[in-house]
């Protein structure tokens, strides 16, 4: 079985290799400090999961994504991700049609509710995802379409 | 000569009482002061020069009316003068490509000081800012009437047919110079003020009148 | 002949607009939901905090704070000042709005050139300080009702000039302020347009600015709001604090008498 | 230096709702300036929150989080008088920490 730990250590080795070769030093440094550049560069939910070492995602009614039906301005779209399920490790917010899909990763510790709200940018109308990565390896998601309208005079 | 004094006094009293002043003050010519203020308050920026503050007869009269209807004779004169400016298409063809028309209708750009060029090619039609047009676009303004099913509601099945000619020409005139039929219309005079060229206007015509346009579904 | 045709078509249009009413209503609800979600956590708060610090900080060639600035209710009085601006100031002999008054105070008290600040682009340098101050000062009148003084002849004159400027049609598109804000219940795209010839209601129109603009992520005072209106109106460039901008402020502010200020609000 | 955050922490029952506004450009690196030059990416990458000095939340953000970011989360077991601190680090290595008392 290809565990998450192995995947991480493999990518760490790769990063060291690239660093030695003078390639992608910024990526390696960022990862060393706890920022997963690969995940934030990924173009799709599947790619994000690969970068984070997650399983194939499954739709679930136990995960909630909150977002408006229509956003008057794509520059600021309120999005919330939450779940009442026990054993959630991480909650992610993704916007499918953004240049990079992943917007945010929240680590769900013991002292915090699995319930976060933030605001994201959207380049166009798109599905918005809340993804829960569970401690048993399951990856569950909910999605909602947000329509980004043209507001104002458009000039 | 002497008789004018009481009359003049009465006028001054009237103005003072309208303005609600407690003390008699010389009447201010607010219209002249406004012209002076406009002149002093603006400067050139990019393509937007101060000469844009100059008003033609229609703009001056409608500004002064402050939203009230114009005196009938003045309205008729302004509409007649603007009707004279309407130029029908040089090749007799009124209908272009509705798809390009839809793009123009969506485009709200053009002629601001942040735009680079005053050429029609750089301008949008701004149509959705004020009008509903296709059913698919839910982000539309309501300053102007809905244009959804514009051609269909007017029974236009073939814009080239003789029976469609009056509505086709009327629509062209509206786009070219809306003040030809409504002296104080809020709609920009797209042809008259060289905001859009003939080809662009034809594309907007197609959006409104082509039976294949989504507007007429 | 053409007029008859047009009248018939207009009646048919009225019928068709009923068909799209349901859809229109649901998009209006969607927008209302979006706005409500944003109102809880308005980044204007960041600017208010920055503005309050700026008000109290010793700065400029004279190393002084703005704490003795007279915004119309006496030196240093901030609360309630915003809902009475623009007003006449005897020391400058002019009717001033909040921004132009701050430029005067900043020049007199701190030695910061008003002309230089006025010439600075929005959102940069000293201008961004003015925007933060405007957020702080307007917030201090939140919930209060507009009541601009009209006792001074200069204030009454500015109202009359502002009214004429409001209806002044010109430019390539022939637009005036009144083209968009002269009637009730209109909108551009999905933006509701306040009717500014009268009091459009609490927290609407004049009573909603300054505001955090979501589109630029910046705090816009009335000067910047009017500047962008004139840009969209296809007019030439109004000077910062120019007479026309103050006159329009007086016109809209007097018309908004009794409206409750919610500034700084959050806008698209 | 970055401007201060606005942090509000309100206790209700056995938890506290924390609302944070951060002053940050959150530049995506995909926009161009007036001269056509790409404006370099500049955004908060990591956010940490503590309750009375103890870690409660860590997050990673990409450039798609909106300008002047807003964040809301709930801390279990927090009560009035507790101290909440929030820090961020951006991709330039700039950082900012602010504190608030739960009310």
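Going by the order they are written in, the chains are A, B, C and D; count residues from 1 in each one.
The definition used in the following text is that contacts are C-beta pairs under 8 Å (C-beta built on N, C-alpha and C of every residue); 3 or more make two chains touch, one makes a residue touch a chain.
Owing to the predicted nature of the structure, the values given are computational and were not obtained by experimental measurement.
Chemist: Relative to subunit A, which chain's C-alpha centre is the most remote?
Modeler: Ranked by distance of C-alpha centres from subunit A, the top chain is B.
Chemist: Where the centre of all protein Cα atoms falls, which chain's Cα centre is nearest to that point?
Modeler: Smallest centre-to-centre distance to the global C-alpha mean: chain C.
Chemist: Report the inter-chain centroid distance for subunit A and subunit D in whole angstrom, where each centroid is the mean of the CA atoms.
Modeler: The mean C-alpha positions of subunit A and subunit D differ by 17 Å.
Chemist: So, what's the distance in Å between the C-alpha centres of subunit D and subunit B?
Modeler: 48
Chemist: Where the centres are mean C-alpha positions, what is the separation of subunit C from subunit D, in Å?
Modeler: Here the centre of subunit D sits 30 Å away from the centre of subunit C.
Chemist: Which residue numbers or ranges of subunit D touch two or more of the other chains?
Modeler: If we look for residues of subunit D contacting two or more partner chains, we find 66-67, 70, 72.
Chemist: Can you tell me which residues of subunit C touch two or more of the remaining chains?
Modeler: Each of 27, 188-191, 217, 232 in subunit C touches at least two other chains.
Chemist: Using the touch rule from the top of the page, what residues of subunit B touch 2 or more other chains?
Modeler: Where subunit B meets two or more other chains at a single residue, that happens at 112, 126, 128-129, 138-139.
Chemist: Quick one: which bits of subunit A touch subunit C in the complex? Just the residue numbers, please.
Modeler: Within the complex, subunit A touches subunit C at residues 68-73, 75-76, 78, 119, 147, 149-155.
Chemist: Sort out for me which residues of subunit A touch subunit D in the complex.
Modeler: For subunit A paired with subunit D, touching residues are 30, 33-36, 39-40, 75-78, 80, 95, 98-100, 102-107, 109-113, 115-121.
Chemist: Okay, in this complex, where on subunit C does subunit D touch?
Modeler: Residues 40-41, 43, 45-46, 49-50, 212, 217 of subunit C touch subunit D in their complex.
Chemist: For the complex, give me every residue of subunit B touching subunit C.
Modeler: Going through subunit B, the ones touching subunit C are 19, 21, 25, 28, 30-31, 33-34, 37-38, 40-45, 48-50, 52-55, 58-59, 62-67, 111-114, 118, 126, 128-130, 132, 135, 138-143, 145-149, 153-154, 166-167, 170, 179, 181, 186, 188-189, 193, 195.
Chemist: Across the complex, what residues on subunit D touch subunit A?
Modeler: Its residues touching subunit A are 15, 26, 28, 30, 45-46, 49, 51, 54-67, 69-77, 89, 91.
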